[in-house]
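One chain, chain A, appears in both complexes that follow, with chain B as partner in the first and chain C in the second.
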Partner chain A sequence: MDRETTAEIERELDEGGIAAGVEDSPGMKITVARDELVAKLGVVSRAVSSRGTVQVLSGILLSAESGVLSLAATDMELSLRTTLAAQVEGDGAVVVPGRLLVDLARLLPASEVTIEYRPDEGIAHVVCGTAGYRLNTYSAEDFPRLPPVDAQLHAIGRVALLETISRVARSASRDESRPVLTGILVRFEAGKLVMVATDSYRLSVKETELDATAPELEAIIPARALQELSRLSPTAGAGSDTVELGVHENHVVFGTGDAWLTTRRIDGQFPNYRQLLPETFEVELAIARVELADVVRRVSVMAQRNSPLRLRFAEGELTVSAQTQDVGEAKESLPVSYTGEEFVIGFNADFLRDGVDSIVGDDVQVKLINPLRPAILVDPTGDFTYLIMPIRLAG
Partner chain B sequence: MRLIVARCEVVYTGRLTARLPESTRLILLKSDGSVLVHADSGGYKPLNWMTPPTVIEEEPGLIVVRKRAGKTEDRLEIRTAEILSDVEQPMDELSGLAKDGVERDLQEALAERPDRLGEELRLVRREWQTEIGPVDLMCRDCDDGWVAVEIKRLGTIEAVEQLTRYLGFIRLDPAKELCRGILAAQRFKPQAVTLAESRRIHCVEVDLELLRGEREPELTLFG
Partner chain C sequence: MRAVGTILHADLDAFFASVEQRDDPRLRGRPVLVGGWVVMAASYEAKAYGIRTPMSSALARRLCPEAVVVEPRISAYTEASRAVFDVFEDTTPLVEGLSIDEAFLDVRGLERLSGSPAQIAIRLRRDVRERVGLPITVGVARTKFLAKVASGVAKPDGLLVVPTERELAFLHPLPVERLWGVGPVTAAKLHGRGIATVGQVAQLDRTTLEFLLGRASGRHLHALAHNRDPRPVEVGRRRRSIGSQRALGRSPRSPDAIEAVLIGLVDRVSRRLRGAGRIARTVVLRLRFGDFSRATRSQTLPQATAETAVLLVAARRLLTSALPLIERRGLTLVGVAFANLEDDAAVQLALPFAHASCHFLDAALDEVCERYGANAVTRAVLLGSDQSPAVPLLPD
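Let's look at the complex of A and B:
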């Protein structure tokens, strides 16, 4: 590697970026522990692009320098990078097909793996025990420059952050034609973390008290990226109680353990969720959460092909039923503290199940207005709200 | 159409040789020369078939269907051991398969209710001709501005490109140089929405059943 290139890598590392966009070196040779390599590949491989339009994005960038191997992958929306200790005999960088490397690394027979890249061949040699592979590579020059991670970072409690994500993420939309709804509104305000997700059929709001002071900020972050952070944290962040958070103009950075995740911010106006939350209700009652969840799960088996779950509230009893034409029907009751006129309301079975499953605590506080207005499920602590639109019932 | 139910053996010779052993089968002889041999299983596909033009020769216990295939001849020999039923049924004139939910249905429904495109629009003309083809609907908005509407089942990048081309020609007329574009579709590819937005083309998702009032819209928290 010439001096200029080395300086460039150093500069990028100083900036917190990985050595993407560097020229191929004369030769890179590293030796790493197989198990650690497998674990770290598992971390970054989730950002490997599955779309074949830009080939280099299907690869994992390996950069070796000063006894450290850095791994990075991106699909241009999400990037993941991490490092592992390596015996480096030659610095350099190369992009190796991601899926292939992950698959073969898992199967390698010995405890140490040597990866050698010779630019003149354009081939990466993977040697482990008596097993040897020659992998075609992509040029590190073609790998996109990843967003820097050197923003002002704030330490956020890991458990609080991940729990908040897990409570709201399923309400985010998967419909890419409405990008704002595929994100989670993340807001830090006065010692509190608020996350909101909605797909227009349901809406989840979770407020979490934070131990430490947090920055005042608001961003719409792709739900997928936050869910990746949840998957990442238990392994990559083991031993760390906090997740580092940095917010840039166009992207957000999360650091946990020795892994970094960056994701773009979603532009747009998130729905004003406060306006959507009704304030008065006709029916309010607490239902034992586990019992309700079990009944909903059992009856949902017969709510196929978008058939609704039918909830009939009568004196002292809630009856949940479902019917699918040509399949069959199910009905089950549980005792509830309901008094008043009979009230029937329909819900999408999956959405109701998600809502009940998102509640933590012994009881679900159920609040209803009428069969055509949104219903609300609330945590006993009151810090989580799940708003769900009913389905019109025929007849 | 002639329908024969017979216990028969069928031998095909041509590009290959195949034999169906004797069994009870339905033989359809269509007036266009098609011949199909069906069993009471195997879905909609016949066991043997011959497409027109064919020559059909018949003698007691044997139906021979022949067709030229290049320099060779395809030949289907149906050896009937017992005829269980043999009926000739006149059929109605050919009428095409009526597909619902195609672009024309959407166009008709939106022509009747252009306001379902999310704003107050009034229809000026369906199939508004441009030099390169007709745009589906030409409308005017509440400010009398021109709005060209292209309707697709699936909103793709190609659909955006098509509407862009129409708009290019429509805007050549100074009176319509501010003409806006709306792409209406039952579903959109995300890339198409991005491209449309970059060209200031508004994308509107439409549902034919809702347009026709055949079902109530789903209840949502917001539009």
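Let's look at the complex of A and C:
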């Protein structure tokens, strides 16, 4: 375990969270419906750490108290918590290997599952019908205390929040060497929610009108956490029109009805995106979105191994082509309202496809300066902008 | 076809035996056999007794009773080979390794940067001798085949440049055995028809040769005898990097001084990278310490680049992370290599927030260096320091 992680765990231990006070008691014994257990394990299992540097983080914390079983998992960046109704015969808490529990729960034969943990032997017994398992466990005391969720919460329109995430998330970077870019800049301002993401090759900005008043917030939130929220919310939060949001100094809490997601905020300065968006263009034209998307998709088949897509703009026509050495080439044209001198601009096929797919209206507004400057795709409504850096083509 | 021969065939002479002679002065000048039951390699002194490889050690000893037989040390050969390939890759990014001791190099486009192919070949031989301590023979020609023939003729420890206009005059008097693909069986067939030289093969028409030797073989020899070999030098998957290094001597240096050396290396190697029309995704920092131990640190970038500024940021980061190690053990050599090379035919441009994009600055500086020499423009931090490429005592 590296020093930073240790320090982090200790700090969170000091803060004291919801798991505070949970200690190994004489024995935990609960009985739950199998299907519900499987569903709830599915909710928290995404936060189970896969890195294995801190063993207890590969587990799911089960804690039983007054008729409720709570489940929690965290990888120290993201945590997920949920509860389910249980027949509790003994209070207590234990950390069970996450992957293992998820896998075996799916296969259990009967509709009711009993989980019993006796601290003296350190073993969790899972019994379902005539099937029985004995699982080695980790101590609940070693599980990090998760941030509290009782801070002041704001209700945010669920659809607005999720739609905003889905439009920008693809542009976030997966390169850990620049942590700021693995996050999404989230800002609430005067009745609007704004999210920005960039991996330095493309940049997405989405502005969404909000009905209710929003909290004051400008934070860089890991894109991964927001994507987990999207995954979680349509099912877990079904029926609820809002997502609860709590903002803290170092983390943010989202509540979807019956699950809580907390995520660390990323420190650092997000690039000044307004400065990066050009204001004047040489070429502006509207292209039918579905047609463009189809052409790009078909031609992309031949843009393998980072080969660029070539977009040739000529009088009234756009020709998209791609060529991969030793594989072959593709070419397709579509009519566009372009007039002027012919020119060619190159793009990464995935980046262009992501951009066109992020547009919602009938037309994509395409704005270009020259083959070496950023290009912009804009939604007809004007509330979504996708900037894409070209590929410099030889010759 | 190219008008000027830019293909080098570089072949280490009696490779294993030469490494043994390099490492043990008592073996120098003496017939040396490497191997156990079978002779894997023989020094030129041993070959003079008619020893060939492979040959049983017993027979070899009968031919040359005073030969010294040494056990093979594969790890030493591997290391020597790697060092030689580093020299190859410092010479040009277009290196096609054929085996542990042999490669094709294409030096086209390096004229302004490194000189004529002949000059490059001379320097390559000198670099291998100085950096690795081994003799190497180089053939230079317009085709791979002819370059290989030339090195075969020039062996040992030689250099042969075949001028474009002298290709056939050089090729035709050679015995047919020099043709690629002519082994004892084919040679016997040709000799049976009174054909002894390449020139005689060239006089036969293709159908006659195909009839004589079979279709594929006949066509192949026909093309070679007319010096038709369109195969380009293909960069193998083995290793693709371009780099340079500098020995620092034993006196301790401050982190600032080490960084200045690093900057000089990155400047120079990135210029070579651009000169070769390539971009790199991985930056490798190589270090050698006072106790001769080594360390390698590398970082892979999200997108390939040839921009000095981007490569320098990565190299600096690697150096900074290695500073505690350097402090403890003392640095005697620092090297920078760029790996994961791609053609610069298509370069993904990035938004300029991580650094100011230096594409145009690089191009302008390259132009100045090309026109007025590598020292015409330099960084303030490098002023007054000796940035001439130094030859390290030991290869990296």
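Definition applied: the second predicted complex is superposed on the first by the 374 of 395 C-alpha atoms of A that agree within 3 Å, B and C clash if a C-alpha of one lies under 4 Å from a C-alpha of the other, contacts with A are read in each partner's own complex, and residues count from 1 in each chain.
The definition used in the following text is that a contact is a pair of C-beta atoms (placed from the backbone, for glycine too) under 8 Å apart; a residue touches a chain by one contact, two chains touch by 3 or more.
Given the structure is predicted, the values throughout are model-derived calculations rather than measurements.
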After lining both complexes up on chain A, report clash or fit for chain B versus chain C.
clash
Once chain A of both complexes is superposed, is A:Leu393 in touch with chain B (first), chain C (second), both, or neither?
second
Of the two partners chain B and chain C, more of chain A gets touched by chain C
For A:Ser173, decide between first (touching chain B), second (touching chain C), both and neither.
second
Touch check for A:Ile123: first (chain B), second (chain C), both, or neither?
neither
For A:Ser307, is the partner it touches chain B (first), chain C (second), both, or none of the two (neither)?
second
In the superposed arrangement, which partner chain does A:Thr198 touch: chain B (first), chain C (second), both, or neither?
both
Against chain B, colliding segment of chain C, chosen among 23-31, 59-67, 257-265 or 365-373:
257-265
Chain C-contacting residues of chain A that also contact chain B
177, 198, 200-201, 203, 271, 276, 372, 374, 387, 389-392
Name, in rising order, each residue of chain B that touches chain A in their complex.
188, 190, 193, 203, 205, 216, 218-223
Report the residues of chain A in contact with chain B in the complex, numbered from low to high.
176-177, 179, 198, 200-203, 271, 276, 372, 374, 387, 389-392
Once bound in the complex, which stretches of chain A touch chain C?
173, 175, 177-178, 198-201, 203, 271-272, 276, 306-308, 346, 348, 372, 374, 387, 389-394
Residues on chain C engaged by chain A in the complex (per definition of touch)
299, 302-303, 342, 344-354
